[in-house]
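One chain, chain A, links the two complexes that follow: it is found with chain B in the first and with chain C in the second.
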Partner chain A sequence: MKASVSQQQLAHGLGMVSRAVSPRSTLAVLANILVATDDGRLRLSATNLELGISCWIGAQISEQGAITVPARTFSDLVNTLPNDTVHLELNPATQSLNVRCGMSNTDIKGIDAQEFPPMPTPDIQDGIHLNISDFKEMIQQVAFAASTDEARPVLQGVSMNISEDAAVLAATDGFRISVRRAALSEPVSKPVTAIVPARALTELARIATDGDQVVTMVMPPGRGQVVFHMKDAELISQLIDGNFPDYRAIIPRSFKGTTILTTNAFLKACRQAEIIARESNNVVRLSIQPGGDQPGKVEITAQSEETGSSENFVEATVEGGSLIIAFNVRFLREVLEVIKTPSVVLMTNANNTPAMIQPAGDDTFQHVIMPMHLG
Partner chain B sequence: MPARTIIHIDLDAFFCAVEELRDSSLRGKPFAVGGKPEERGVVASCSYAARRCGVHSAMPTARAVRLCKDLILVSPHRQAYRQASENVMSILRTVTPLVEQISIDEAFLDVSDLQEDPGETARALQARVYQETGLPCSLGVAVNKLVAKIATDVGKAGHHGDAPPNAITIVPPGSEREFLSPLAVQMLWGVGPKTAERLRNKRVYTIGQLADLPEKVLLQEFGRNGFDIAQRARGLDDRPVLIEHEIKSISQEITFQKDLSDEKRLRKTIQDLAEQVGRRLRQHGFVAGTIRLKVRWPDFTTFSRQFTLAQATDQDSVLEGVAQTLFSQVWKAGRAVRLLGVGASNLKQGIYQLSLWDTPDEKMDKLMKVMEELRERFGDNVIQRGGQLVRKH
Partner chain C sequence: MSRIEILPEAVASQIAAGEVIERPASVVKELLENAIDAGATQVSIQIEQAGRRLIELSDDGAGIPPDQLRVAILRHATSKLRTTEDLFHIDTLGFRGEALASIGSVSRMKITSRQPEEAAGGRVVVEGGAVRTVESAGAPAGTVVSVEDLFYNVPARLKFLKRDLTERQQIDALVTRYALAYPHIRFKLFHDGVAALQTSGNGDRREILAAIYGVDIARQMLEISFSDENFKLEGFTSPVGLTRSNRKEITFFVNGRWVQDSSLSAALLKGYHTLLMIGRYPLAVIFIRMDPTEVDVNVHPAKAEVRFRQPEDVFGKVQRAIRRGLLAYSPPAQLVSQGWQTQLPPLNQRFISRQIDPAWKMATETQEAPAIVGPAFEEGTQKEQPALDALPAGDLPLLRLVGQVGSAYLVAEGPDGLYLIDQHAAHERVLFEKWLRQREQSVPAQALLTPQVFQVPPQISGMMTEQLPALEKIGFRVEPFGPNLFRVLAIPAIFSGADPVAAVMVAVEDFEEDETPLQTELEARLAARICKRAAVKAGSVLSTEEQKMLLQGLEACKSPRTCPHGRPTMIHLPIDLLEKQFGRRGSR
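Entry: the complex of A and B
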């Protein structure tokens, strides 16, 4: 292999794929990145067997070939090289990669590319086409609500339902549920139901560059995998096997109280309260006070015996009676951070039943949070 | 980890021993506690005389009766076993609070901090259990739970005759490998029949041979479990003795070096004690409904006053406020105080995150609670799991 690439593009590509590297695996080659010539471009790939990421960068190729090199060594090196052309050359006899750029000349010992797990080449023709920026927003609004508890693998995933002309993503950790719907620009021929690891979708949102580009989703039959294909990158993930809980039954249908707040003011108040609350189980109390003739307000308080106490008021339009309800402030902050509308609606019934948060005037996004119990 | 001393105690033929106390005519006779043969019962426990005929626990009663013609069958008296077990466990807790009960008739004690010779502790304990409950027991003493339990098993296995073993086996620190070496691999925890068979295929019969196998071989053969087996074969086990108990109250008290009558210092002491109690409440995630103040005068008479709150709390200021008010009620200016204490009881789980749906654990907890209540009121047979029902036509 002999190829020349721009240092910037190479560094960018390595940053993209290195999140799938598995540095502490028993399989040494998984700590490596595959560097291969591929149809006039240079391909970089990494996989931890659950998640695989590839990207392609423009290159001048004078000799075909492939090698895997330790991710950490290669990335660290490339990041310190000048913004110039990087010349890569494989020495097949020693299985080492020579990296030359400016005055720098380094040989990195590699492992034969044959040992790298094969990545499937999907048939993109069968895929579902999704608009990248829309899909990215959906992921950002849903994936954070997935569980990190390894004992409940199903909840570590995002439920994905695509039927005819709509896609629904949902995730829950047992304490909150995030559900986002979106219309598809082109209808699908057959419906898709799958549980995709939240981690894979978060990585996808990270590597997907904005714009009007399209991401094509393919599930090769019988492999338990999903492939997201973009122009210059591809992400492959194992699917999670199991039944996703029936979240529709849990989303309340009616509420006694509706409170409308300015998203930014509410978020700011939560961030401030969190500074105190993080020392005391993350608990904040929301006192929702209707105003009568005046505008109403929501008082947000946090108290920690160790660090102190904080109080914040946010003006609000309150329909329904007054209520004191406690929440994990991190849950509130995380959902407010992904709401794009200027106003947000908080819907409540009682201090021990699920509450719902929605962007005002937008019912494609629903977020349900269970309150905290006060002794 | 500093050197530890662990005692494993196992009551000898526990159910039978309790039955012998209930009916002394059973003494020395072959008998078994268990279900009736016509109901497909199994032997829950059998006397040492019955064991000599080849009867053992978990054997179908019908088969036991065939093996031993004179076998007397006794229906179980579970309430009596529970009571006897509780009596024994409370004796163990007078030796050390570090008692881990692992079943109705078995427990581990961590006696590392006792000054007494561990062998002496074991002998004294065995004698006391027998004196106070009439129940025989066997003990194993070693540096960890693994070896202590095997020591008990070895002591019991070396016993023959109709009388209970009453064995005490001590494995001095450092001699674990030597002690385990000649024993069959099956005596190791985690080595079941399947594993034992695979080891036999490798010509490994004793724990010593197992310990000599390179760790790599075990890892290859048994994966992650192989590592644990290798550790155990070498007599290594760092699991602590786990004590599990429900916290009913949290309190702090202090005895002054010299009796104290200065109000400012007394009040400051109450504040400190309240803060300590508050901190421990929050650590455990509790809120307290009742707050108690304890005062001991120089003549050792002791006053306790308590106050029940409208709303349970874990806040220092509330705890202190109540304790100070109670103090004002019992204390007159200038009176000397020997001891002060602040306590919180009527504990409830404080703030916690509610779940969207009951987790399987929570469902099971609720079910168990209801079953328990029904049994308390109407007896053990009032409710059963579907799987335990035998179809009667």
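Entry: the complex of A and C
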């Protein structure tokens, strides 16, 4: 292999794929990045067997070939190189990669590319095309609600439901659930349901640059995998096996109280309350007070034996009676952070029943949070 | 000194009975074994008031001829043994001819029986050892023995019975084990009319495991089998990630007989050598069949113990069988690279073999450093002593964080030397004291989106029901949801993010047989377990911020030097020790 690439692009590509490297694996080659010539471009790939990321960068190729090199060593080196052309050359006899740039000349010992787990090449003809920026927003609004508890693998995933003309993403950790719907610009031929690890989707949102326009999602039959293909990058993830909770059954049909708040003011109040609440299991109390003649308000209080106490008022339009309800403030903050509209609606029934948060005037995003009981 | 006299017959037989019949569960055991010896395919057991009021067992076995009923209840009356020779190759569960006589002498007992091939059956009624009536009677094929008012004539015995819940647990534990040992027999067990256990009798042991432990655990259990000449071992044992904090769920049957033998358990544990964490024990049901002449069953009045002629040989085989079984199921040490899609089992299967809580020390580590294992981790009965204020309020000096080692320990410097801090134990302590402070008010609970239903073994079920208020006090909302079923509606906020069912199980899996301590102590004990679960694990990399928080938390603790279970949270290396070790002493 003999190829020349721009240092900037190489550094960017390495940053992208390194997230899939598994440095502590028993399989040494998984700590490496595959560097290979591929159809006129240079391909970089890393995988931890659950998640694989590849990206392609423009290159001048004078000799085909492939090698894997330790991710850490290679990235650290490339990051210190000058913004210039990097010349890569494989020495097949020693299985080492010569990296030359400006005055610098380094040989990195590698492992034969044959040992790198082969990554499937999907047939993107069969795929579902999704608009990248829409899909990224969906992921951001949903993935954070997934569980991090390894004992419940299904909840570590995001449920993807794609029917003719709509896609629905949902994630829950058992205490809250985020559901986001979106219309598809072009209808799909066959419906798809799958549970994709939240971590994979978060990585996807990170590597997908808006300029890419479309991401094509392919599920090669019988593999238990999903491939997200973009122009210059690809992410492959194992799917999660199992039954996702039926969110239609979880989301309440009606609410007695509707409170409309300014998203930013509400978020700020929650952030402040969280500073105090951190020390006391994140508990905050919302006291929803209808205003009568004046505008209503929501009082947000937190109290901690150790840290102290905090009170915050947010003006609100309150329909329905007054209510005191307690929440995990982190749950509130996390959903408010992904709401894009200036106003947000908080819907409630009682202090021991689920509450729902929605962007005002937009019912494609629903987030249900269970309250806390204070004994 | 008073004169020596021969005891009256009634007193003598009551004393003898005391050896065999200790509590309601012993009656159930004897009746059950008789039914099995009679070749029953169905056994139904009715219990009232934990067996004090009534124990009734009906079977569809061979029955007792009417003219033998009167004989069957006599001491040393058995159809199963003729000569002393026979004693050395017993292949029935009964052989002494003592059970019915013993039961009859301490209760009001009625036996109704008909042989399937005969038209008429018979009935005998015995009260306190005296035969009241013997008559012919119509009856379904098989035998029904009903034992009422157990120990009504032996008040001393009655006094020694534990509370109903405990006696019930004993019965449940017994019947579930026999159900597992005899999967071809249909078992039904009712307490006061409510079904506690039902098996189908289709021979599928995993199905019975599911009825006892729930589908999840049943699915995880590893099937073991091993045989060589005159020795056959089969059964189930848990993967290394599925453990309990005591050995109660380790069961052995030898030639169809439940034996409680600590050397057999020890052999099984050896099979797990280095795979289990200290203080954790597997769940296992192991059935051994061997040449009856190789094992003496006549060593214990209740037949709970056996003596092997070649014990080392048996233990060795048990150990090897378990080890082999475990290794056969553990993932290959090295992944071979050929298409990465097929190399790992799907995500939801993988967690099964994962070590649930690496924070408990691995068994090997303790052998190297026994000093660190506190008394709380002694063999067997791991009594958790939440050291409320028991320990000296050893105030910590101000510590300066140096860093983290091995993703498990923090290194800190104090005015008097170096401190090595176990991050898990330390966090446990911090959480526990936080909980103690909160307890004055109320413990916040996080509600679940959808209640989660779960199953517990029958022997825990009663205990659960009784302890629901205690659980509620510490932030769990759990309610009964059917026989042996419960559902959890909310969990303590401290657990946020954890698997709710796992959280409940952590709190209840150790309910001791007689766990009726003061309410506050119970709560503290539950809380200690929860803290253990919620605490940051060894193996987690902590940010500098997090490390500092942990140190500060520890400094604020009343008893910072031990975890709530009494294990040390830190090791102190005084300056002079360091100096001595480096040979600097006196050089200045």
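In this section, the second predicted complex is superposed on the first by the 373 of 375 C-alpha atoms of A that agree within 3 Å, B and C clash if a C-alpha of one lies under 4 Å from a C-alpha of the other, contacts with A are read in each partner's own complex, and residues count from 1 in each chain.
Assume contacts are C-beta pairs under 8 Å (C-beta built on N, C-alpha and C of every residue); 3 or more make two chains touch, one makes a residue touch a chain.
If you're wondering where the values come from, they're calculated on a predicted model, not measured in any experiment.
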Fit or clash - chain C, chain B, common chain A: clash
Dominant contact partner of chain A by residue count, chain C or chain B: C
First (chain B), second (chain C), both or neither touched by A:148: second
Chain B versus chain C as contact partner of A:374, first or second or both or neither: both
Partner chain(s) touched by A:119 [first = chain B, second = chain C, both, neither]: second
First (chain B), second (chain C), both or neither touched by A:224: second
First, second, both or neither for A:241, with chain B first and chain C second: second
Contact residues of chain A, present in both the chain B and the chain C interface: 172, 174-177, 245, 250, 280-281, 283, 305, 326, 328, 352, 354, 368, 370-375
Footprint of chain B on chain A - complex, ascending: 172, 174-177, 245, 250, 280-281, 283, 305, 326, 328, 352, 354, 368, 370-375
Contact footprint of chain A on chain C as seen in their complex: 333-335, 337-341, 343-344, 346-351, 354, 356, 437-438, 441-450, 452, 475, 477, 490, 493-494, 496-500, 502, 556
Chain A contact footprint on chain B (complex, rising order): 278-279, 282, 285-287, 312, 314-316, 348-357, 359
Contacting residues of chain A [partner chain C, same complex]: 26-27, 29, 47, 49-50, 52, 115-120, 147-154, 156, 172-177, 197, 223-225, 238, 240-242, 245, 249-250, 280-283, 305-306, 326, 328, 352, 354, 368, 370-375
